[in-house]
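Next, two complexes with chain A in common: one pairs it with chain B, the other with chain C.
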Partner chain A sequence: MHKLTESILDKFSMDYLRNQVLKNAYGNDDTVIAGLDPRVLLVWYLFFGLVPWFLNDLVILLGLFIFVALTTRAAKIAPLVLFLFCLGVFSQTGYLLIAALFFGGDASTVAPLLVMTLKVAVVSLASITVFSGLDPDRLANGMLWFGCPDQLSFSISFAYRILPVLMEEFQNILLSYRLRGNPPAKKTFPGKIRYLFYQIKLIIQAFYPLMLNTAKRSRTTVEALEIKGYRYALKNPTVKKMKLAMLKVTRNDGIFAAVSIVWTVLCVLVSAVSPL
Partner chain B sequence: MSKIEIEHVTFTYPGADAPTLNDLNLCVEEGDFLAIVGNNGCGKSTFCKTLNGLIPHFIVGDMTGSIRIDGVDTREQEIGDLAKRVGYVYQDFENQIVCPTVLDDASYGCLNYAMEDYKERGKNALQICGLSSKISDYVWQLSGGQKHLLALAGAAALSPDVLILDEPIAQLDPAHADQIYEILKEWNETYHKTIIVIEHHTEYIARYCKHVLLLRDGKNVWQLPAQEAMRRVKELRRSNIFPPQVTIAADRMAEEGLVPADESFPVNIEEGKAFFGKYLRHLPESTRMARTPGGGESLVSFRNVTVRYRAVKGQAPRILDQFSLDIRKGEKIALIGSNGAGKSTILKMMMGLVHPEEGSVLLDGREIKDFSKEEVGELLSLVYQNPEEMFIQDSIRADIAYAMKVRKVPEYEKRTEELLAQFRLTELAERDGRLLSGGQMRRASLAIGVALNPKILLLDEPTANLDIATRREVMNTLQMLKGITNTVVIATHDMQLVCDWAERIIVLSGGYVIADGPKEQIFADLYVRSQVGIRPPQIYDMGRALGIANPCFTIDEFIGYFKEGEERYA
Partner chain C sequence: MNAKNKMTQSQKMMVFVLTMSLYGLATLFTELIPSFQVGIVEFSVEYFLFIPLTLAMLFDPLSAALGAATGELVFSEIMLGQFGGLGELEKFLTVTIGVYIAGRIVKDPRNRKVVAAASIIGVAVQQFMGCVVDILKVQFAVEDFEAVAGLPESVFFTEGFACLNDILFSGILFCMLPTMYLAPRLYGKIEPLLGVKPRDKDTMIAGDYVLTPKMVGMVLIGFAAAIASELLASGGYELIDWEAAWAGNTTSIIIGIIVAAIIALIVIGMIRGRAVKNAETKQA
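Presenting the complex of A and B:
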């Protein structure tokens, strides 16, 4: 038991989180999904992220769920994100479903809950496919094409540049607190609670030095951006055109769109003939 | 017409009492390779920022006088146009990299200035910088040295005529430092670019630069050919610049009348051979025996440890493979090896931050896994490479007191005062650590590190990013540790620090310990030297070149061989 808690704690270190964030953003740039045109994926997302909310047909939803589950698999999503997804869906509606089953709910109570759970699951998986399947740069370019401001797409890409650095720094600051601090004893139950609060307090306190350090480092970044012509690019429409020139709709995009449409149509047809 | 003409430039930062640049006049010719030297705060960086137009376009302040590049005043040009003429690489180059992938970052400037062939330009620059194989990598996969090359490629992709670098080799091992300077040399000679470096490493100045500009209080003291500049030992020393060791040795010997003062001093080993060879008095034959480390009790032991990275993609690379090591009480250990050899990992394992996949790490005979972080904190103390991460309170005093206060150490206030005094921080006690100078930050981080009287002190690159005067300051601070903490482990590239301080040197390469012993043994081992690219101080190689069998690690030892009739080693 001791070993188990230790291994879980070990897994959940900042180091692990950092690795997962990176993995999620860049570890899957060779998948089919990552190779698709971001514009096609964004349109695809518009459908799979919105339409399920308006559907109440169990069969169609189930069909869509299977489909987005397959795309998620194709996108090779990092385990942490999938875990968070499961946790999210469960905390939204899943626990009600289980509770209903336990306390003697029959098909009539379970069905609406299942519909709700499926809706949430389809939309979440579609979001995960698009937002973590694509690498941030391509996503940013796709959004740029749809008229999102330059600043937004730059922020996305810069956030991914700076995030690993920030997480490492946060880890070190937190460590400074832990090594030099003196936590309450955690033998008794109240002690355990106090220890938990102590940990939370440290995490909150650690943000303060992190922000000051970030402020200090950003001075160079701002000057470097100026030299590298960031402000010029905002004013110059040619730059935007050049950035977007890399976006190309390929055969794979066509296949992906066709499969999505055929699958959806099939789901609707099956639903029409099925007795449910 | 000169490439750069500066006339009567005075610049004052807003709110500052005195001007940073004070009636500065100078010219830089096209194709020059200029080194700018001067003590901290003499206006070197400010001067460089006036050249690329950040001053006065971006950083406002009070500026008079004129700066002309290719005959055009910088005030009449936009930063964008200037950026294509003058490239700039910052000292904290990591913050200059703004894109997640290598090629994107190298071509980012070209893209922003709407150059159609931006990808090609980025690729070319990367190729010249020797990063061709890394083109599709992500920035966080690069080592420190490679990041620096990337920052350089990003500036060079715009193909500016003038390239300015602020302390380009401050945190690189000698092999990477050579690489950077070879690239600059190629640019200078093959592509006829004008290169300006702010540099403290005078051996590199003597080897690569054509001219040297000495700044003091924002004024041009002199601008001389590099060799001649290096011979002005006294003036350089006044500005806290240390000329090459052979030059210092010659200067001191001239003062003591061991060599004639009117002969021109050597600035490198080749010249040194001709210069010193004539005067060498005696070559002792007996070789000094290296002191073998004593067999005190073992504080930390690594037993057959294997560690891997967490990989983002593919197989996890091994950092250490079946690694074993004992650290005994009272040892002064330097861990050396090229970037990525596993030095930091070893320090982190001792703190229990990284757990080995196989094998075990024992601290005081107990498995380190069984300690809580707080317990480890009382036995061991780690001072990070980046001192900012040690400052968790809003003043130095509070930071030093923090660990003792929460542990309810009796009379902690008194001990805090003692530490402040011992590390010469009393004056700065109320300031936030982040706002101190580089050397002050290191002193403060050391004081924080020893507050709990740890049994072992671990230092990660304590002299990285510091100019040479500040390095000396850190070395003096290490002497202050005497009596507080006797067992110290330092991971470092700084061979001067290793020579002056370490008693046991452990050389890492490819996950193994390839050498372990005192400095005499390590530096004499040419195989080890070629494997990890470590380089002893220049005076050591000078002694070797003259045929002195006993290694000399300091200038005093070296000069000893030129004195007559003295028994040096009893």
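Presenting the complex of A and C:
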């Protein structure tokens, strides 16, 4: 229990979190993936995010998994994100395996679950490549091009800018609560539980001032947007065209698409010859 | 209805931005807080749903609900690269529906009993829908679901228990109690910051939407019925058998992949075409 509270507090080291998120967003502009056209990547994602769900062939899935693992490597993803990915895959299927064994399954249970784990892994890695590898502004523009709601692309760009500010503010509020508070003793076991609940209560209470502050800030944001004619610009196609003029399909995009297609075909061929 | 009592478009936008950033921040934390497990039972700080719940009770419920869902999508999924594609749609919809319903129920945020009931109903609705979808997902993803020893029972057991556990543990501890604490306290304090009148009988959103609570209820019943029928239908596992039959040989897989790629391109072309057409009609 002590370890748990400790690890929660560790995770709340805001500087670490903030660095990781910012690094993930803006720290990998120079990679091959970041240089690709967001539209091409979104189409690519549509394929690698959907098709694995309908495949049950172990060889093809393994091939696709290796490929998306390579693209993830090329996109230089922050370690925190990769750690979360592993945790996510385990929590999706790993616990099911344990539960199935508990209910009297045996080795035959492993094979279908392995297929499912691979499916989840391929889809998640493809999404990590696209959504973490790309600069948020480019991603937002790519989505806008496909006719996604403007609110969504606005939210993405806005989120990356507001997050560091919000985190810092939350940290300050939390620290000031901690300074004024009197935490319960945590020597005994009930004391430790009380301490954990005290920490959770503190976090919840910290949202009270944060809500009021953010309300003020969001009013300022929206009013600033209104002054710049945001809602008018949303509906105006000329503005949209100017905004999207930066998107260009280059030779690199062609190579990337060709490599993906060739790799997928190869996987299918290998699975056709292999006895599995 | 007095025009003064209605929220303007930009005020709705403010609520959207407010909920999005706050709930996004909170989900980012929950994504990182480790959950501790007792056996196979997972006790996790599932989410900080009290934030959108409180805001939906104080402001326009629809904006708050959409803001919360978008915030979760953008902050914890896209920013951390955990975007699961279509799977996120389910979360988006369930969060929106749950928060919206809770927000519509409350007429006076100072009434703690109603606030408590509304928040627990919102959570229950959201969790239940999520649970049903989760079970269906495993059924469709695993080939020969029934044939794998111990799998169906374990899925029903773990999912059902997780759902109940989330409603009782996270629901009461992290949604109901904080909302009961925050909603009455913020009432009358946070509204002036956005230039909105506090919610009372006059400012209660009404006639503003095509969606009435009754209609939402109908939609929900429809949703439940659809899922129930889906469950019954897959009880015979006809769909899965059919799928397994053609997915067995390689040629069909190749054809399937090609067809999927073509369909993807066509869909994109259609989306693009519609977007251009929309832009043109707007320009004209």
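Here is the rule we go by: the second predicted complex is superposed on the first by the 251 of 276 C-alpha atoms of A that agree within 3 Å, B and C clash if a C-alpha of one lies under 4 Å from a C-alpha of the other, contacts with A are read in each partner's own complex, and residues count from 1 in each chain.
As a convention for this text, contacts are C-beta pairs under 8 Å (C-beta built on N, C-alpha and C of every residue); 3 or more make two chains touch, one makes a residue touch a chain.
Predicted model only: the values in this text are computed from it and were never measured.
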- [ ] Have a look at chain B and chain C on chain A after the superposition and call it: clash or fit.
- [x] fit
Task: Dominant toucher of chain A (residue count), chain B or chain C - done: C
Open item on the list: In the overlaid three-chain picture, which partner chain does A:Val268 touch, first (chain B) or second (chain C), both, or neither?
Closed with: second
Open item on the list: If we overlay the two complexes on their shared chain A, which of chain B and chain C does A:Pro184 touch? Say first, second, both or neither.
Closed with: neither
Open item on the list: Just to be sure I read the superposition right, which of the two partners does A:Gly35 touch: chain B = first, chain C = second, or both, or neither?
Closed with: neither
TODO: Would you check which partner chain A:Phe146 touches, where first means chain B only, second means chain C only, and both and neither mean what they say?
DONE: second
Task: Which superposed partner A:Glu226 touches (first chain B, second chain C, both, neither) - done: both
- [ ] Give one of first, second, both or neither to describe whether A:Phe158 is in contact with chain B, with chain C, with both, or with none.
- [x] both
Open item on the list: Going by the contact rule set out at the top, does A:Leu212 touch chain B (first), chain C (second), both, or neither?
Closed with: both
- [ ] Could you say whether A:Met116 touches chain B, chain C, both of them, or neither, answering first, second, both or neither?
- [x] second
Task: Which of chain B and chain C A:Asp137 touches, first, second, both or neither - done: first
Open item on the list: Just to confirm the value: shortest Cα separation between chain B and chain C in the superposed three-chain model, in whole Å.
Closed with: 8
Task: On chain A, the residue positions that both chain B and chain C contact, one per complex - done: 25, 136, 158, 160, 212, 216, 218, 221, 223, 225-226, 236, 238
Open item on the list: Using the touch definition from the top, list the residues of chain C that touch chain A in their complex.
Closed with: 9-10, 13-18, 20-22, 24-26, 28-29, 31-34, 36, 40, 42, 45, 48, 50-51, 54-55, 70-71, 74-75, 77-86, 138, 141-144, 148-151, 153-155, 157-158, 173-174, 178, 181-182, 185-186, 189-190, 193-195, 244, 247, 250, 253-254, 256-257, 260-261, 264-265, 268, 271-272, 274-275, 278-280, 282-283
Task: Complex contacts: residues of chain A adjacent to chain B - done: 6, 10, 15-16, 19, 22-23, 25-27, 136-137, 157-158, 160-161, 164-165, 169, 172-173, 175-183, 205-206, 209, 212-213, 216-218, 220-221, 223-230, 232-233, 236, 238-239, 242-243
Task: Interfacial residue positions of chain A with respect to chain C in the complex - done: 4, 7-8, 11-12, 17, 21, 24-25, 43, 45-47, 49-51, 53-57, 60, 77, 80-81, 84-85, 88, 95-96, 98-106, 108-109, 112-113, 115-116, 119, 123-124, 127-128, 130-132, 136, 139, 145-147, 151-152, 155-156, 158-160, 162-163, 166-167, 170, 200, 204, 207-208, 210-212, 214-216, 218-219, 221-223, 225-226, 231, 235-238, 240, 264, 268, 271-272
Open item on the list: Per the contact definition, I'd like the list of chain B residues that touch chain A in the complex.
Closed with: 52, 54, 58-59, 79-80, 83, 88, 90, 92, 94-101, 104, 108-109, 111-114, 116, 118, 138-140, 154, 310, 312-313, 351, 353, 355, 369, 373-374, 376-377, 381-382, 384, 386, 388-392, 402-403, 406-408, 432, 434, 448, 451-452
